[in-house]
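Right after this note come the structures.
Common to both upcoming complexes is subunit A, partnered first by subunit B, then by subunit C.
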Partner chain A sequence: MNKLVKKTLITAVLAAAAFALYYNFSLLPGYQDLEKGISDYIITYGLHDTGSLNLITAVLYDYRAFDSLGESTVIFGAVSGIVLILSRKMLPVSSKGLSFIVKRTLGIMTPFIALFGFYVITHGHLSPGGGFQGGVILAAISIIFSIVYGSAFDYRRYSPQTKTVLETGGALTFLVIGLAGIVMEGAFLKNLGFLTAERGTLISAGSIPYINIGVGFKVGAGLAIIFYSMIQKTFEEDF
Partner chain B sequence: MDIKILFLILVPLGTAFLIPLIDLINAKLRRFFVLLGVLLESYLIITIITGNLDNFRNGDFFLQYFLGGWRPPLGITLAMDGLSLLFVVITAVSLFLVVIYSIGYIGHHEGKYYVLYFLIAAASMGALLTADLFNIYVFIEMLTITSGALIGFKRSEEASAAAIKYLIYNVLAGLLFFLGVLVVYFNLGTLNMAAVAQNFADLESGIQLFISAIFLTSILIKMGIFPFLFWLPKSYDTAPSPVTAVLSGILSKVYLYIFIRIFWTVIGFEVITSLNLNIFLIDLALFSSFLGHVFALQSNNIKRLLGYSSIGHIGMITAVILLNTEAGFYGGILHIISHMFMKAGLFVACGYLLQYTRSHAYGDFKGVGLRNKSVFIAFIALLLSMIGMPPLLGFASKWYVLMAFLEARSYFGAFIVIFGSLTAVIYYLRYIAKGFEEVKLTEDDLKEEVFSRPLLSVLYREKIVSFITYTYAAIIIGFGVGFRFFDLPLKMSINSIMNVERYIELVLGG
Partner chain C sequence: MLTNLIFIILFMLGFYALIMKTNLIKNVIGLNLMEAAIFFWVISFSDIGGEVSIHKFGETMGKFNDPVPQALTLTGIVIGASTAALLLTLIIELNKFSGTIDRDQIEELND
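Our next item is the complex of A and B:
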């Protein structure tokens, strides 16, 4: 097939798809009003039910915690898949990193970045943020290390095994808290009543902060593992 | 509240989470741990069946579990009725057989393989059990990501290309499904399937059409029906055999379940008929089936051929279910069961037979049957069942499908069933004949044989692999004689498809 025919075919298919989408969207009636349904209930009683000031976290880790377990499992699966396909039996590409000034500056800044990451994770039930977001910040530290100090730096300090342990540890924390719900409260992933305290304090909202910590470690370690499998060297005869 | 159905999801999930830790301690323990997980899962299913035998006979079998203790419209509910029970049982049997096969087949990167495998198991159980629209989306996404990674398991250029193609198509389908879920929540304010089903008929017909079209496109991509079938043969070809068995034996059946659940329970078939979608869909599915068989006829690669024939069968099943008659469901679900075992068995047998050939091509199939006679006989039995020979399971299911088409006076459908069987005779007999051809090796051939890399370097537990192949053949022959065994479960599942009000009442009423 020559190029022109192929291009016209692709254009025709894309145009047809665009038309179908446009037609489909034109079927939708104009915006009337959001059907409130269960969101009304959550806005009214969410704080009372869960003790979490951040209602999004309340939905994520209490009302629909099973979905979050699924979503974090998706990340777990993606990490395993990427490691399976990309991992090589070689150390990562080594480099000397950037200049002395950058290294020194980052050395001063790193503790604060880590602190911010942990803040976002542990205050998920009080302010915007949570495990997923904080985990990404923690993973960013690992990535910045490899760029600024050279890729062998982080690799030597935290081996892939350590990261795997952190990741599965986070996943198991989520699962164990869910199972504790069965034993203590009678339902999987039910909020643990004995952990609740005064609203708005750091240790309140039942099991939500602990799930947040588990998810934070899982996401952080998982993304770091993905990054390090992607920068590894490739060679022809590898198996 | 029945906690066993929750553990159907949690056992494979926990196994998947623990395998990396076991790996770090002692990699040899892994195999026993995998077996432990599978056996626990089977034990759970057996206790569910034996504990509810009376309910099966009375026809009031229903189990559910409220996650987090939140009652239906608020939280997520797991529900198991006759339809999901049937699918859970056959999925679990397939998962069990394929995992034992994998212990014999997979020789490298076992740790990650089993993690992904058990995630697939957990996700398919979750998709079969959940009664919540967003939750089903989460499990679909999990299925897509994990199976995409397994398709690229061989890490060759071809495998990566197939995996990327698979991921592009299927992630797109997942996004469309998500859009549909969003629009449903926007208009109805709830995600529980029963609550959505209760109010769906009151929506304006524009929104109804939009939601149906979006869900339809997404599920058609996932199942591989005509306009979107092009990702399927490539990924079936390059994935290792156990993975292909999972793809065609489990994933496509899970998507068929989701198709039935969404279009009969959630949206309701009356809505589909009032939108005039059903006639169009039957024709589309039958045309897709026709195309599948025609492509299979010209295919020169055994695994790709089986992929095309899967397209043919899935199209036929979709069409016969869409007839919306009792006979149609009976034939369709019986064919889902038989196709699940036949196709998985064929891929499993292929994995054994193709271990020392240079490629999957027709020419290299020469002499395969002489080298491994007994496995090849099992392979032939499975092929004959695909064609629809009388004492085998494929015959029984195809007979009921044909009867359903004739009863509904859909002569195009009846034609496609016969046409599929006839073309299958042509394209399978070719391979059987080639398999029995004598190979005369010359010096050059031997040299080429030695220096060309075989597709699979080690198959290090041959006995297990061939044993599983015989098991599949035995299932096909045994249930082919005694297909009446499926009468009760099929009646139960037809009952739960047709009786939507009861499902709504049971889920919402607790």
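Our next item is the complex of A and C:
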């Protein structure tokens, strides 16, 4: 009974808060009426400043590149914490995988998944996508391997050491490009102008494609490490 | 108007799960629901009825949607995924020590 009273009370308070929020939000002016300032600047001059057709990538890796560096540091911290907490045993004991049909089908599909991941990473400045999105696709390959072929196969193909090297290499690529910005252009993570080629080609937009490749490898390896650390602890008792 | 309503309903559902449910995994789900509500709201007011903010090569484009909220949301999604993974890891480890993932039962273990 006490629990029911508490539940009813909390629900009533939340409903009142929801009503108050809705009333306040309905008083806000529409977004079109606001003075947009920085957004107007980016829409007007973004292509001219960075050479990147995709304005969202231009914001992420040029105007706010320092913020993206912090963001990848957050991923690095999360991966480090998870590995520190969970990893005790190197070779996980997991299932033997799924049936023969699934294994053969995935064997045909895997190169195309990898190709799509690399396409999304390298065309981040031309079309929707970028390092973070393509990195998640690359991490999915490792996860699918663990599920379909069993995690021992994933361990043999992409050992945790390889993943660690890839992740650290991605972070170092980002930092080196940032430091090269100091030497050549005079500011940390400033877009390297001498790399800019004709707009719309694959190698254009200064240092943005290279940062994308670094971030892609970093995110893919990081998420694969997270998944790998989690299964090796949870499957340990079952098999 | 409708987006505000959906945002508030999602946010309050997540907050309810966060404070009322005693299962820790349900708490993490509630936290992620609150995050998703905020991302939805931020993205919704970047849409001013223009085109996707990507230049097509060799064409002059019309009015663009605002790219800044979308870039901010991308940052938020990545950080949300990292924190969720770290929280779930801590729950796995807590289950090792206490044998349960229920908040109330873990508090009783202390007594």
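Definition applied: the second predicted complex is superposed on the first by the 197 of 239 C-alpha atoms of A that agree within 3 Å, B and C clash if a C-alpha of one lies under 4 Å from a C-alpha of the other, contacts with A are read in each partner's own complex, and residues count from 1 in each chain.
Just so it is clear, a residue touches a chain if its C-beta (ideal position, glycine included) is under 8 Å from a C-beta of that chain, and two chains touch if they have at least 3 such contacts.
This is a predicted model, so every value here is computed, not measured.
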**Request:** Applying the touch criterion given at the start, work out whether A:I56 contacts subunit B, subunit C, both or neither, answering first, second, both or neither.
**Result:** second
**Message:** After the superposition on A, what does A:D67 contact: first (subunit B), second (subunit C), both or neither?
**Reply:** both
**Message:** For A:T168 in the superposed arrangement: first (subunit B), second (subunit C), both or neither?
**Reply:** first
**Prompt:** Does the superposition put A:A78 against subunit B (first), subunit C (second), both, or neither?
**Reply:** both
**Item:** First, second, both or neither for A:S39, with subunit B first and subunit C second
**Value:** both
**Fill in**
Footprint intersection on subunit A (subunit B / subunit C) at 25, 36, 38-39, 42, 64, 67, 71, 74, 77-78, 81-82, 85
**Item:** Residues on subunit B engaged by subunit A in the complex (per definition of touch)
**Value:** 1, 3, 6, 10, 13-14, 16-18, 20-21, 24, 65-70, 73-76, 108-109, 112-113, 115-116, 119, 122, 126, 134-135, 138-139, 141-142, 145-146, 148-150, 152-153, 155, 160, 163, 183, 185-190, 204, 206-207, 209-210, 213-214
**Asked** Which part of subunit A faces subunit C closely enough to touch in the complex?
**Response** 7, 10-11, 14-15, 17-18, 21-22, 25-26, 31-32, 36, 38-39, 42-43, 46-47, 53-56, 58-60, 64, 67-68, 71, 74-75, 77-78, 81-82, 85-86, 126-128, 130, 132, 199-200, 219, 223, 226, 229-230, 233-234
**Request:** Flag every residue of subunit A that touches subunit B in the complex, lowest number first.
**Result:** 24-25, 27-29, 34-39, 41-42, 62-67, 69-71, 73-74, 76-78, 80-85, 161, 164-165, 167-168, 171-172, 175, 178-179, 181-182, 185-191, 239
**Message:** For a test of understanding, state which residues of subunit C touch subunit A in their complex under the given definition.
**Reply:** 1, 4-5, 7-9, 12, 15-16, 19-20, 45-46, 48, 52-58, 64, 66-68, 70-71, 74-75, 78-79, 81-83, 85-86, 88-90, 92-93
